[in-house]
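What follows is a set of structures for review.
Common to both upcoming complexes is chain A, partnered first by chain B, then by chain C.
Coming up: the complex of A and B.
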């Protein structure tokens, strides 16, 4: 039985819808923990989506290419410096005789280094359609199904540089570190590299993408199609009994909403 | 605490004194530097018993100060030395805020917060910078310690070797010689004080 109402949009209109959906999604916040080589790492981040090109693919796939995620990250690294601990014994002639000081033991602490960082990543993904009635409103959502490509760009290299700079600043504030600074830098530099940073950054960005949902359309199940015309004509209400969505190829691919009232 | 201040003996400092004459030095340990006229509630008294000068020459004895549930304590609490020996007090890891040694031997007062004679104060410098120091008790004694970063071209072993070398500042009365010393990070300056009116070695910035 044919539907009572059919609405269709082509890929051009779908791109416009995508822009509106990205704005409506706003800024997302995520947090988590991981590791950077042997170093413990925790992070909090915020991200928002922009751009992307929609390609509609029957029967129900919306492919978005070049979707950009702009993110700001606060990364906290934990570094145990106890391997630098040193022991000093000094003897010196004084007017009162030769004097050997009690041994001085210098213990280096575990430090936390916070690295602020902002960048963007580009991804391509396939979205499926999810139609649902929730709290009296029909929603048509595009829900991510799979990531076909994730490009972090130069972020890993830049983050590696930012981490190095933050660690250097943190080390210089530690008393007595000047003596063993080169040792500390050599150890920390060897502890992790670009691959480790990429391994940490990828899951952080992916956390924003996991379960990503754009709302394409929403409509109250019961809505007014004609206002009241007093004194004799009441408002005309329509009830959307069922809504279906799919991609149909009819000359050109279109996102089609079919509604039964 | 890593501040330069002889009024508070911390883990990177040491206070020492040469006991030149026989007698008994009874002393207490306190947490905070207070005026010499203040009567501390010293619930524990430690002693250094100085005997006649030994034949074998001068020795250095070490007293470790610890902090526990009952406050500060010295180990050994009772020490027997020979005239001419040096006794050095230093803190272990349990001492978080430092300590002060104050007591009397006959009519003579010995106070690590007011250095007079045959006393030594040491300080290991952990951060580069210029440290203007002065006497917090107002004698006019002053000086400067310039702490430099190690030479970037030096090896790790060379740097660690430098740490085992001390630099002496001889204080006589209210004069320091040399008044200005230059060291590298991690090195220790040793102030040897004699015939002084009860002085401190205090970073001038702490007094502003």
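Coming up: the complex of A and C.
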């Protein structure tokens, strides 16, 4: 039996709704930890989604191409500078034995270097439809199923440069580092390369993509047809008894919502 | 043939959906079905609407009356069955069936205070009407579909002149009642999108259909 209510949109309208779904999703926050070569790294990031082109593909796939992920990252590196520690004692031989100056001990600390960084990545992926009734509200969500392409762009190169600059600035603030500053920067930045940065950045961006869900439809099961208009007109409500969604092909591909009341 | 056709969005509500929406509307606001003057209806409420009695010289306080309708049942084209002649349901049309009970306060005699005694006298009429949907659009997502009655037949009434009087009376009443019944775009599209109405409403395949774009 056909559904009581049918609402359908084509790909053009689906693109309009995608923009609304992206705005509704807002800014996501993620955090985690990883490594950058031998260095420990922790990070927190916020990201949002814009753009993208929808292609509806029967039976139930929404392919989104060129979805932009704009993210801001705060990366904290933990750098143990003990390799720069200086322990010197000068002794001068005399007929009466060695005359030693007091030892010079300079211990360098473990420092934290925070690297702020913003960039964007481009995602192409296939999404499936998930219809569910949760806490009295019907939802139709587009949930990521598979990633066709995730392009980090030039972010890894830029982040590598940003990390080097941040380390240099951080080291300048350390007493007595001047003697070995260039040595320290060279040593630390040589400890990791572009591949390591990419290896760190990939999971960070993937954290936003994993389980990515755009809400396409959300209505209370107890659906308000008309609002109350006092004193003699209570709200008019109907029950959305069943909701289904799918991509159908009949002349052109359409996202179809079917509802029984 | 796609649902959206040359447009980008489509929405429809079928016959069962329309009738459930009408049941919800009149169930929540039954005063749109029950009208009467005192003493049948003594005030406005959610369940009843008070009207003035029919003024007539010599009838103290006027002629009391009440009109009660059952919730109309809608049949969208194509018809589920044969309509009583001469009614014919065509494309883009709907039929409504309802029962209308007309009650008058029959005043007889007078008591010691000079007031007449009112005895309710009523008749219940089976009514079939043909109508069509009308859309009212304000802005994206804001608008509604309502019904206009074109033709009414009160069954089993003679002579024909009385039938003509009743047909016209009931047509006026039905149009007045239905002018209050709105099916917002939200119930037709289930709140899926904010429709920019471009075409419709039409009636085909037992459903009311509208088309447009989304914002």
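FYI, the second predicted complex is superposed on the first by the 233 of 261 C-alpha atoms of A that agree within 3 Å, B and C clash if a C-alpha of one lies under 4 Å from a C-alpha of the other, contacts with A are read in each partner's own complex, and residues count from 1 in each chain.
We adopt the following convention: contacts are C-beta pairs under 8 Å (C-beta built on N, C-alpha and C of every residue); 3 or more make two chains touch, one makes a residue touch a chain.
Owing to the predicted nature of the structure, the values given are computational and were not obtained by experimental measurement.
Asker: Please indicate which partner A:225 is in contact with in the superposed arrangement: first for chain B, second for chain C, both, or neither.
Answerer: second
Asker: Between chain B (first) and chain C (second), which does A:259 come into contact with in this model arrangement: first, second, both, or neither?
Answerer: In the superposed model, A:259 contacts chain C only, not chain B.
Asker: Of the partners chain B and chain C, which touch A:88 in the superposed model: first, second, both, neither?
Answerer: first
Asker: Once the shared chain is lined up, is A:100 touching chain B (first), chain C (second), both, or neither of them?
Answerer: Only chain B; A:100 stays clear of chain C.
Asker: Looking at A:175 after the superposition, I want to know if it touches chain B, chain C, both of them or none. Which is it: first, second, both, neither?
Answerer: A:175 sits against chain B, while chain C stays out of touch.
Asker: Examine A:183 and indicate which partner it touches, taking first as chain B and second as chain C; both and neither are also allowed.
Answerer: Only chain B; A:183 stays clear of chain C.
Asker: Could you look at A:2 and tell me whether it touches chain B, chain C, both or neither (first, second, both, neither)?
Answerer: Touch status of A:2: second partner only.
Asker: Common interface residues of chain A with chain B and chain C?
Answerer: Chain A residues touching both partners: none found.
Asker: What does chain A use to touch chain C in their complex?
Answerer: 2-10, 12-13, 16-17, 217, 219, 223, 225-226, 232-238, 240, 243, 248, 250-252, 254, 256-257, 259, 261
Asker: Given the complex with chain A, which residues does chain C contribute to the contact?
Answerer: 1-5, 8-14, 16-17, 20-21, 24-25, 28-29, 31, 44-46, 49, 182-184, 186-193, 207, 213-215
Asker: For the complex, which residues does chain B have touching chain A?
Answerer: Listed in rising order, the residues are 2, 11-12, 14, 16, 18, 58, 60, 62, 64, 84, 86, 88, 90, 93, 118, 120, 122, 124, 126-128, 149-150, 156, 159-160, 162-166, 168, 170, 184-186, 188, 190, 192, 194.
Asker: Residue numbers of chain A touching chain B in their complex, please.
Answerer: 86, 88-102, 104-107, 175-183
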